[in-house]
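Both of the next two complexes hold chain A, though its partner changes from chain B to chain C.
The block that comes next holds the complex of A and B.
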């Protein structure tokens, strides 16, 4: 594969692999190259489509990312110097989109005040404040309105109650236009102006809806505006925005509102205007997360329960899974396949559905368990603090043991028979073999999975949310948290994402980062220990 | 030949990258321009209006849209959404410019939507007088109307006429009539383990303990009003009823509806959404029997359409809503799809030929709008659990209720 070789050289169909071992299929005109070309063409077509879509949607960030990815993809697969990248590029792209972007975005939101009241960028907040504070003059009539144009400049022609036509533009306040023609209560022609047909009005709707035609020279008389280009009303603005000074002024009282550090317009007396915008607030969210005294006691309780829940879930599911795996690994048992398939069934049911089913089964009065199995006993499986915790653990055991059963079965079957035989020859008993040979070998391959299971259960939001909703509530706490809430469901409630308080995505992101740090630390320590376990073996 | 391929790719890539840079530079420039100029380019033809609707209302909105399309030459695109997702998605997507022009919604989202600046006011003009007063009031904030109402919904007492011939005037009468009917439950009021303060609200108002203070114009101020003597009187009543077994936290929505459908009680307190389950019963709709001395006023929820604050088609959107959705025909179509009394008086009048709809409408006339102030969000979580705790006996009524009031106040102060 070199440039001194003319491409017209008559070669057999696949010469490169045979005659020139360093030449790849993918860069000569072989079948492989054509396949590659076709695949890349498809990728490029998709990419260009994405680029065009992003272009027309004016989302420039996405556009830039798509272009870069497209260029990189083409470079990697056509270049001869990027062989390793050819294998890892798809993975890298997915990593970038689904992991790194999400992590960075969460990290970024954690340092902003994004949430209810600070939902939009500043420009939109200003717009919203202005439009919310533009009031129709009370009891002012609705004027039939026609959109007219003098060249490029738009204007309104309105018909007053007295049948007079008045005409004006943004610069020119309303004045009488006695020459204008009216039919069916609508102005149809105005001398000096062109009456715009409906399609043109719709085409220029943004200009029409933002046009304000002053009623007179005196700004206190208000201005005419329209929302549907059919009727006009007199409006007065209660707030005015000074773009140069970046201040809002209340027209009636003269109060001046200046932007503050929290992303709101604030007057000198500390009162603020309703709509705020997103700003960078530094570590405020992390401070808030730990400064609110109402959360102090429940937080510790919840932290303890979260750790207990995650650890106990791993231990119980692992022990039950292991026990069953050993039992069903015995070759003397008939119909092992059927048993194994049946045991895996809970694993095949979606977790949220199973949790919901169990919450029905465990209902105090009408649940199957109380009503049928226990003959109408009213046991508060989900309403008594201790029983609720046991129920959560029990349901999680039911949901989780098939997974442990599967991995333990696999690990048991991969333990070489000769090691066992050697142990037996050395005179080790059953228990000794199990404790000194089977279990350590089993743990080497399953410990990483146990750690990931711990991390999963630490954040097992679905189970808690669907089964108990965190309940029963702490009776001594002043916040809506309960005995089975774990950290992540607490985050959900504290940040108001569940609707129980104004939503605060900044706080939610900050708290999830804290939860992540806890899980990451525990997992890192555990992984380190696993490595030492491997070394011993 | 082989060489040219990377070159072409590179050239194409560079060109695209350059245009991308050009694009972002343009974006920076646009921020200081007035919105009018950036929006003007977006539409070329008759314009396309994007509307978020839920499954129930899709067909009715599309029918009204067909007229609109025929008369204006615009295109209306309806996007089917889960009603539960709309509120959060609307808040998240409008600021990015990806949101719809119009969405269906409920009036109690109003406080959140306005404080986020994602909705635009609608000028109903003369049409405002053609709607039920409560419907327009519910969508009004600070003197501005933000939504076009299409339906009014509230709960009432649904009576199985085979089991009880007369409407009970008070709660005790209802319980007595229910016991006389010899059914399993004298009266059904859904109440989860976490409570259902929405359904229990009329009982609370009959003790004179509304959730927030109301201003003279009917709007709510964020001053809690559910405490005090009246509030604790209600709490004590809840404890009594819980002890007597009339109220029970095990009666969930599903349990209550099924029991009523099976004829296990002559009365259920509920809304029009339950009616499908009671298709083969002979029903009458009555005012909710009051346990206290004041009238039992349920919450009214008003459903309507919001216009996005970042819509590039505000003119089309307002034209469509005010001139095509505020018609008797369109409102009746929505009524037939959703079974809630229409918000337009003319449509409500013709829908009232159905005695069930008329019954709900009559109860709704005396009801109060559900507060739409953002503070309301902080109330629900404490409210329901406390009621459930008092009914089940795990909470001492007076102390529990007072703690709830102070906890809610704490949550309001913190946010």
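The block that comes next holds the complex of A and C.
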């Protein structure tokens, strides 16, 4: 926005500006206005590009959001009335989309069965079922086929019985191409396409054999597919969708599948079709987490460990940090600054590096701790359930004590000297002063930080994932979870976004909500108690 | 605890026994603590210089000194990851400062309907850590990617946008308090002299609050530098990874064989953050105790 200095203001405006202070420069043709105009033009250009892209992709939700955002942005920056919004809007848009929306979306997903087998809305699931169950129509004619390409996109050109050439791609159903050239009963050239040479076809074999070119706009006409890239056949789906009755019928066996409450087509005998759709399942995910033995047993264990881990982490780091802060809080001590700088080091290196480094140090066979310090003892620091927990706490102590050391030092130094003196005059001994004056004052100023430290450790995904990966694994659990997993790493494992387990976005989101509720409740209670602590003092 | 001037005089007359009970043990504790804090760092430097580059081969501290591991980094994606991480962290840091400061200015200087509600809402929103919503972020980017691939999964730009989503919630309060300490009389004087709100913001306020801008920028940089879970979910191809994702990949895939590479990479990637920390210790410690925790 405007950054021009008062002296460069054009003189004719100056008197009026003095008598009637301008609060907006929305329409002054200064340098700032031009910069604003340029920025907005850029934003608008990108926005329009986005709108067009959303339009062509038929993504109506995104389209509506983009249009609204564009209109609001232009209104805010050209209107004189929306002054505060001019400053808040950029951050607000990011906040709305990438924080508030994703939180609400998490809440919504938590009540659905979104995940593997239930990935899309119903319409797409029906389409996917029809495509996946396509079979070659028996005794159907073989059409001489040529693989063609338009840029990266592959297509087929086939020669019909009547000698006509028909051309299509995955997106574009077959249509006549009268100008194509044919020799020896094979299509050799198609205008607008490149005929792929044989070696290229073999190279892209996987793409060719999965390509399906619809025969016409109507999906029920089936599609052309090929196995050998020489002859194509009409494939028809073994399933038939009856839109009016909302049922799937297996053409061969006549079995009728009806939609059930779980978002799948189900036959009378209880068998279901492979692809389902997202449906609202109410609190099922929460029930699964707390009551379904497959998840509830590990969930409760992990919940207990998460709380223990967060609480113990805060206590151990705080005690060590406090001890060191007291130790170095003597002004007569030489080299205090050097100690302080060296002790801050573990905190100054990124946490992920520290966790990875310790995973090597604690390695069972080759790690420095076992191999050198313990003379070749093969102690399973990270593979034994109990030791792994202790190791996690130990590493977190190493990572976290400098922070506590820093804040305790700060808090100790900010305790006023006259309070201490008053205690001494009253005849309080060292221990008494410490118990009744220092510690309470220290706790008042550090408790809010201890609470945020608890909240941080409650979700300390990086440490757990990089140090132990959650392991050692539970012997009896069917899901990939382990003894040192905390809730957030359980969410990660259950969600399946890294491909190690079946995707279950619904359950993962429900667990996220549980984590949030726990952290929020603990923080709220703790902050309330601190306030009463402050009032007492 | 003790006032310094008499204490210094007293120390000269201290008996060894008294010295041990009052100061000597503090040095002992100090040395033990420094060894505890420092030995993994000494170890990683030694491992990065070891020639064989395996975990076992790294156990004899400084047995060999070779730059083989550092040279080997050139054959990997390491430097791409460094560039990615720096780009993402710097852009996020700058964006966070710009957007957070602008919002804090509005909340601090303008009186408008919804101001209190807005501040309260921010306070509540910041309690929900963004990383908890990684599933929803993944699904959102999946959807956006179908329309605008540049902003979909596996895009650094999209990752930056996600990080910027946390800019207002976390930092506005930190800044808002600081903005309030700048006297309003300054703005009003400038206003009477004919300055616009934009001029007041860019040329007066921002200069006066520069310490808090530095703190927020640094904390954001450091947090982004080490962020793992969202980066791992969003960035999928190796060439787009950040250091956290990439180095994790090395260690988790072949711990024994890649150890030297990892150690060399760790030393290099710890340097920027370490340097920032040590040079700007005062600012960072001030910002930390003002209520935020390193992420």
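Keep this in mind: the second predicted complex is superposed on the first by the 308 of 537 C-alpha atoms of A that agree within 3 Å, B and C clash if a C-alpha of one lies under 4 Å from a C-alpha of the other, contacts with A are read in each partner's own complex, and residues count from 1 in each chain.
Note that contacts are C-beta pairs under 8 Å (C-beta built on N, C-alpha and C of every residue); 3 or more make two chains touch, one makes a residue touch a chain.
Note that this is a predicted model, so its numbers are computed, not measured.
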*asked:* Touch test for A:366: chain B only (first), chain C only (second), both, or neither?
replied: both
_Let me test your reading of the model: by the given contact rule, A:57 touches which partner, first (chain B), second (chain C), both or neither?_
both
*Determine, under the contact definition given at the top, whether A:81 touches first (chain B), second (chain C), both, or neither.*
neither
*Figure out whether A:233 sits in contact with chain B (first) or chain C (second), or with both, or with neither.*
first
*Which partner does A:205 reach: the first (chain B), the second (chain C), both, or neither?*
first
*Of the two partner chains, chain B (first) and chain C (second), which one does A:469 touch, if any: first, second, both, or neither?*
both
_Contacts of A:337 with chain B and chain C, given as first, second, both or neither_ = neither
*Of the two partner chains, chain B (first) and chain C (second), which one does A:452 touch, if any: first, second, both, or neither?*
second
_According to the stated criteria, A:294 is in contact with first (chain B), second (chain C), both, or neither; which is it?_
first
_Comparing the two partners chain B and chain C, which touches a greater set of residues in chain A_ = C
*What residues on chain A does chain C touch that chain B touches too?*
57, 59, 363, 366, 469
*Given the complex with chain C, which residues does chain A contribute to the contact?*
1-6, 9, 14, 17-18, 21-25, 28, 32, 49-50, 53-54, 57, 59, 62, 83-88, 90-92, 94-95, 97-103, 105-106, 109, 114, 323-324, 327-333, 335, 339, 341-354, 356-361, 363, 366-368, 371-372, 398, 402-403, 406-407, 410, 420, 448-449, 452-453, 455-456, 459, 461-462, 465-466, 469, 488, 491-492, 495, 497-498, 505, 508-509, 512, 515-516, 519-520, 523
*chain C residues within the chain A interface of the complex*: 1-2, 4, 7-8, 11, 22-23, 26-27, 29-30, 33-34, 36-38, 40-41, 43-44, 47, 54-56, 58-60, 98-100, 102-103, 105-107, 110, 112, 115, 118, 125, 127-140, 143-144, 146-148, 161-162, 164-169, 172, 191-199, 201-203, 222, 225-226, 228-229, 232-233, 244, 247-248, 251-252, 255-256, 259, 262, 266, 269-270, 273-274, 277-278, 281, 285, 288-289, 291-295
*How about chain A: which of its residues touch chain B in the complex?*
7, 27, 29, 51, 55, 57-61, 63-64, 67-68, 70-71, 74-75, 78-79, 116-117, 119-121, 123-125, 127-129, 131-132, 134-136, 142, 198-199, 201-210, 227-231, 233, 274-276, 292, 294, 363-366, 382-383, 469, 471-473, 475, 478-480, 493, 496, 499-503
_Of all residues in chain B, those that touch chain A in their complex_ = 1-2, 5-6, 9-10, 13-14, 16-17, 19-21, 23-24, 27, 31, 34-37, 39-40, 42-47, 72-74, 91, 94-98, 112, 114-118, 120-123, 125-126, 142-144, 193-194, 248-250, 252, 255, 309-310, 312-316, 318-319, 322-323, 374, 377-378, 380-382, 385, 389, 392, 394-395, 403, 406-407, 410-411, 414-415
